[in-house]
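All chains are identified by letter, namely A, B, C and D, in their written order; residue positions are counted from 1 within each chain.
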Amino acid sequence: MVPALRMAGITKHFNGVPACLDVDLEVAPGEIHGLLGQNGAGKSTLMNILLGLVRPDRGEVALAGEPAVIRDPNAARALGVRMVHQHYSLIPTLSVWENVVLSSEGRVDRDRTIGQIEEVSERFGLEVSPRAMVGDLSVGEQQRVELVTCLIDRPRLLVLDEPTAVLTRQESRSLFTMLRGLVEQEDCSVILISHNLAEITAVSNRATVMRGGRVVSRVSPKETPVAELARHMIGRDLPGPAQADVAAAIGAGTAAEGEGSRQARPAAADEAPVLSIVGATATSDGTRALDSLDLEIRAGEIVGVAGVEGNGQQWLSALLAGSLSLQEGEVRVHGKRVAVGRPGSTRKAGVGVVPEDRKTSGCILDMSVADNLALAGLKSLSRAGVVSRRKLHSLAERLVDDFDIAVASVDQPMRSLSGGNQQKVVLAREMSAQPAVLVLAQPTRGLDVGAVADLHERMRQAAASGVAVLLISSDLNEIMQLSDRIAVIYRGRIQGELARAEADPERLGLLMGGVSA
Amino acid sequence: MNLTTDLETILTASVPLTVPLLFAGLGEYVAQRAGTFNLSVEGMMLGSAFAAAYGATESGSPIVGLLCGIGAALLIAFVHGNLSHRLQLNTYVVGLSLNVLVLGVTNYLLSTTALDIPGGSAWRIPLLSDLPIVGKAFFVQPWVVYLLVPLLLLIWWVRRRRMGLELRAAGDDPVAGDLTGIDVNARRRQALLFCGFCAGIGGAYLSVFQAGSFTSGMTAGRGYIVIAAVIFGGWMLRGVIGACFVFGVAQGLQLALPAIGYTASPQLLAATPYLLALASLAVLGARSKRPLALGQPFAPVR
Amino acid sequence: MSTEVSETPVQEEPTPAPPGGGSRRGPDAAMAGLLASLRGSTRPAIEQVLAFLCFLSLGISVGLLLGWATGHDPGVILGDLFEGSIGDSISIGYLLTAAAPLLLVAVGAVICMRAGQFNIGQEGQVTLGAIGAGFVVFFVDGPGIVVIPLAFLAAAAAGGAWAFLAALLKFGRGVDIVVSSLLLVFLAEQLLTGLISGDGPLHDKGGGTLGAGTASQSPRVPEKAMLPTIDVLGVAVPFAFVLALVAAILVAWFLSSAHAGYRLRILGQNPTVAGTIGISASRLGSLAVAASGAFAGAAGAAILMGQSFQLNPGVASSIGWNGLLIALAARTNAGVSVLLALVFGAMVAGGGLLGGDGIPVDIVNVITAAIVVALLCPPVLLAAVRRRRLRRTVKVA
Amino acid sequence: GSNDDEPKQKGFDGPDPFAVARGAAIGEPGTATSPEWAGEGQVPAKQPDQNGDGKVKIGVITSGDTNDGTYYQSTADAVAYAASKHDWEYTVQGLVALTQAVTAAENLCRQRVDLIVIGDAQLAQAVTAAKNPICKDTFFYLQGGYGSPEQDATFTQSYDVGLGYAYVAGVAMGAYMKANDIKKTGFLSGIAAPFNTTIGKVFKEGVKSQVPNADVVETYTGDQLDVGKAVEGFNAQVSQGIGAIYPYFGAPTVAVAKKAKEAGIPVLGSPKSFCDSKDASFIGEVVFAPGYYLAPMLDLYADGKLELGVTRNWRLGVDPVPAVHPCADAGDGKDPMSQAIEQAQADLNAGKIDVFAMAGAS
């Protein structure tokens, strides 16, 4: 039968760098089609081309057999193609209904639009408040708005770019049920982009796997073993020890008892904590950021902080990065009180932070790799207030080797590095300062499995060498994979702590939902 | 002297000084809501003032003058728009240098042309013009002034249309706007053109309808006062209108007070607009309704 | 870095407000992007140099065109511009005199722009500088060797303080410096007028031949406080220019290799990161702004004691604006600023001869403005060219 | 208007616009007093072609707009007229920035100008250029005024005392008001700084000397050049019911006069001679624009009789300019306005009235 979508020979280069090469993609009517691939595989680019956001160098697109020329999202919309973007496309200062109006045809009519919104949201069980200001909504709510926006004019093809990255398991589940309902009742096809093989296996009928801008295989996930899918994605057999990590990273199996995961380190309770946060309470422009949060980490221990996005994780890392000041409570390192809130205060005390959004708060994109590696230790590199280029370079060279960061030269701008390598640079910088405490916030978000494996290995080494590691992540598998203890953060406080042994997804899920165990 | 006549005096002095601010202010409001911190509004007004004076002199008709003025301002807006929202040149640099350019060109041309502008007469709106206090101030004005009404209606109407939303989107979140299929840079250029249109009327009013002559640099910083007004108005339509009036009155007082028999420090009066704008910013701080992407360039990848 | 990326700073996904720090959006943040885009392409590729030259001449030819259109001989205009700027040693002297304050302002602007603080109120800070210098020149009597340095210090202090107001608003109340510094310009004007008229302390109380001294102006600067010139191969190089040149060189060095300069640049590039490595945006940022104000103030002193020799309402005479334009057109690069300051100075000096040939001097404003706009074009157009080339290579591949 | 279409170089055709300035000194009835020169000077050799390059070239610099139709333009017109009469070359630079004053003068010297006319006291320090060797055979003429430098051997200047004719202007206005039974008049000017406010005060005194209970509305728009504000200032005064107005401006004067004509309000014109202008209905003129002092000096210069290093003091009521004339003057000087004016001038010169005290007082 005629495919709902057929993309043939799509090719796109960015400044000569290929993002998509001769990509063929076929989506049958009424199927959920998985699009797999590690970072930079070209998934988003391909979809942006479909939506007319990016012009391909070459290639054809046909919808339901009809050749289609799509110059911009409006054209796509007219043809019944809608997309929920990886980074949402809502205007924060406009109300929900205004956003809906913006991405649909017809004249502005508040009351009609609000009517439509309510109709759609109850048909698909996505509850949204049409008059709310989008800027005030949580990430999850915003995604619902995006969905409503797309569904309102009954699309023939719906694209979701990594929709679950920011959702709780529960939320993801309901999303998938909703999608199934969509394809069954509304005869609409769905393209689902994800790194997470478990999800793909769970929901999608067929899947296309991309690597380095090319299609490497078309599979029906239900029949294909996860490990094989992973191999397609990464293009090589996984390094031995990394096996489990990868499995974890890509959500295969319950990683909790995945072999190769290190034994829980018996944390001797008597031993004094390296980092201790006591009753930390802080508000940031009006809203409660942290609410009497207590946390302790001992040397050589990896403590995972699990939790649904937006429950104070970013404030916790901000606190430890020294950029959040407390109203009550205190932070102690090696028992010494740290004057948090003053720039660089925690770093002085020996806390290293690999922040969540590395692009914006981890490194300086317009400076060279060498500069970025040297940021922390500039003072030691300069004599009489003058920075010694020679020392700076030798340091950079050393770190690049130690952490095998893939760069042509240490002088090339940070911006030109791939996400994984940018992350490595940040990590290298933080570890090179020999911190007593190492904080990693969402360290593997958006990294490909290879990079994930490597990163996890280094975290273990750090811990082994006696660093107290704090891992803040919304990826449960990762948490369970690495941590000795798991603390669940909820509404800015620690809802409960589980030793690794007693931790299982369900109990964690309950804690994350605010239910005390 | 009694209060009503005093008020009337102040108003009659203030309104005509408010008019050019209002015209340009409406334009600047739209331009800034769409994301352009438009410094060249000063140049737009000045250029228009000269072109209008010239057109009126040559044709002997104020209307032709007005059209020439609008044309000149639109040209400046067009240049600005394409330099900063097509070539992505630094808006501030473009704005400032356009002001220098226009000042140079007008002075230059002024020294090689002779101007003799036909006088126009005021329209007196029946009934309304007989109202106490406000009557004389608001309803006995040259006809251009009444263009404010349709202009306001237009803006109010546009705000409730898709265009209005798209302009706000362009000013608040160009990236997301682009994803939803808005041609951000086109919207911004259009907003600038609208600003040019309004500032054009304001400039023409100055030279042809108010002063009946053109002198070098005759806008005398009104463009910057307008920018202050948009800020003081908190980037809200009513606010901007209010701000323009406040500043107009500040200038009017200078003329009216002696007539009423008071005096105030001229420097202080002249400084009020900027003081007020700064004060409101200091009070509101980051809480103001400032367009989130104000002044931010946007270059889509295609 | 590739011009492609640098030229499109907002490619980055919208950044969340960093905890603690002020908003990363709005005018200031916008300028960050714009400046990144400017800095993006300062490396001297041959094509860039060529582009620079051809756009420079393009700017000039705009002016010539205007002249020609209104019946003046472009040859004469060009001749005068040349004669009056580098024709002979005297002309060169004029050129340097005009360039000095412009360069001082530009160098200051470079500092704060590099620190990511977008002070565009130099015009006002120049005015304050002139005022500060005025208080010393007219109230301190001593030998020039004492008065002149004092005057420069006072000017720098005044200008710096005025700029610091903007910094206070920024770090105290989160007001964008772009906006506040702009507004402060016009307050400065009124302040000056107040001080030099009526019973203002700097007002020229008269002592003129006849009549009461009533004009809004200060007394004339005494001989001893007039800036000296240094003779270099027949050219009377004004002291102010030497000062400005030294400042430019020092600042260039400071930004590239001094530890503090490094921190300054880090702050400018990414305040959040700066915060985590112990750079206090409010402290260092305010310092940078104050510094830029101080340089602008010094320029004010240079104007008072080297050019106008008197305070009157228009004493800053757009030197602040033009200095700022120079810094931005030079892509916040101190070295290039020197070059551009000389070009601007040449225009002012050259313009001096135009009047003598009956050509309105305003034409040089047209030319300078055209030059600035033209100078901003090369990176953009080059980027466009590169993109096209790439397209082609891809096609053939 | 007084703008001329073709570029200045084309010369100045039409009647002598400065005739009023060329009359002999009148002084006390009967005895014609000779012009008052202060300082020791001598006539340079080769005047008018001072630099002996075979042609006479004159350069004018002013801080104002030489197309303002009044104050600053008068200098340019005077030069243009003389140039066309003696066929000299000349150039005019308006809007010269204070920062460029000295340089501008020196540049003129380099361009082999014989006579540099500094059109207003704002640019006074341009005379320091005269000490510069490149200017050694260039003649510097300065329109003196408030805060102009001490006279020395390097330049020649014209000088007048504004307060005097401000008072007489008031008297003239007062006389007109008395004759036409007007109770209220307006004084309209720019920046509210002493160089305007003192004039205002003295003008007021003048008016009151004729109509003791007269009401003089003083308005300062806060800007010398802002025509828009000037016009609105005028409107504000009209709404206060003034019966006549004295706009004390440069450029805005003409604009205000036009509006006054529309409003049917008589205007006392200044600083140039306005009586034969069609722009408005002038009741009188107060003539003190620099061009009127320059014109006769240029005649001397043409004859090679203009001394360098002297101050020419232009005295009200003695020299032809500055002067206050009624426009409707039948010529016999017997109309009430002329009589009041003559009386006031006599009192001034006899020291019966101290305008400086007036300016300082109240």
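Note that in this section a contact is a pair of C-beta atoms (placed from the backbone, for glycine too) under 8 Å apart; a residue touches a chain by one contact, two chains touch by 3 or more.
In UniProt terms, the chains line up like this: A = Nucleoside ABC transporter, ATP-binding protein; B = Nucleoside ABC transporter, permease protein 2; C = Nucleoside ABC transporter, permease protein 1.
Predicted model only: the values in this text are computed from it and were never measured.
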item	value
Most extensive contact between chains (C-beta pair count)	B-C
Rounded Å distance, subunit B centre to subunit D centre (Cα mean)	37
Centre-of-Cα separation between subunit C and subunit A, whole angstrom	44
Subunit A-subunit D separation of Cα centroids, rounded to whole Å	78
Centroid spacing, where centroids are CA-atom means, of subunit C and subunit D in whole angstrom	38
Multi-partner residues of subunit B (each touching 2 or more other chains)	107, 111-112, 173, 175-176, 270, 291-292, 301
Shared interface positions of subunit D, touching two or more other chains	7, 95, 191
Where subunit A touches two or more other chains at once, by residue number	14, 87
Touching pairs among all chains present in the structure	A-B, A-C, B-C, B-D, C-D
Subunit C residues within the subunit D interface of the complex	71, 84, 90, 94, 97, 193, 197-198, 204, 206, 208-217, 219-220, 303, 307-310, 312, 314-315, 317, 319, 348-349, 352-353, 355-358, 361-362
Sites on subunit B touched by subunit C in the complex	37, 83, 87-94, 96-98, 100-101, 103-105, 107-109, 111-112, 173-176, 221, 224, 227-228, 231, 265, 267-268, 270-271, 273-275, 277-278, 281-283, 285-286, 290-299, 301
Of all residues in subunit C, those that touch subunit B in their complex	7-11, 13-14, 22-23, 25-27, 29-31, 33-35, 37-38, 66, 70-71, 120, 169, 172-176, 178-180, 182-187, 190-191, 193-194, 318, 321-322, 324-325, 328-329, 360, 362-366, 368-370, 372-373, 376-377, 380-381
Subunit B residues touching subunit A - in the complex, by the definition given at the top	160-162, 164-166, 168-169, 172-173, 175-183, 291-292, 300-302
Subunit A to subunit B touching residues, read off their complex	14, 53-55, 72-74, 76-77, 85, 87-94, 98-99, 101-103, 107-108
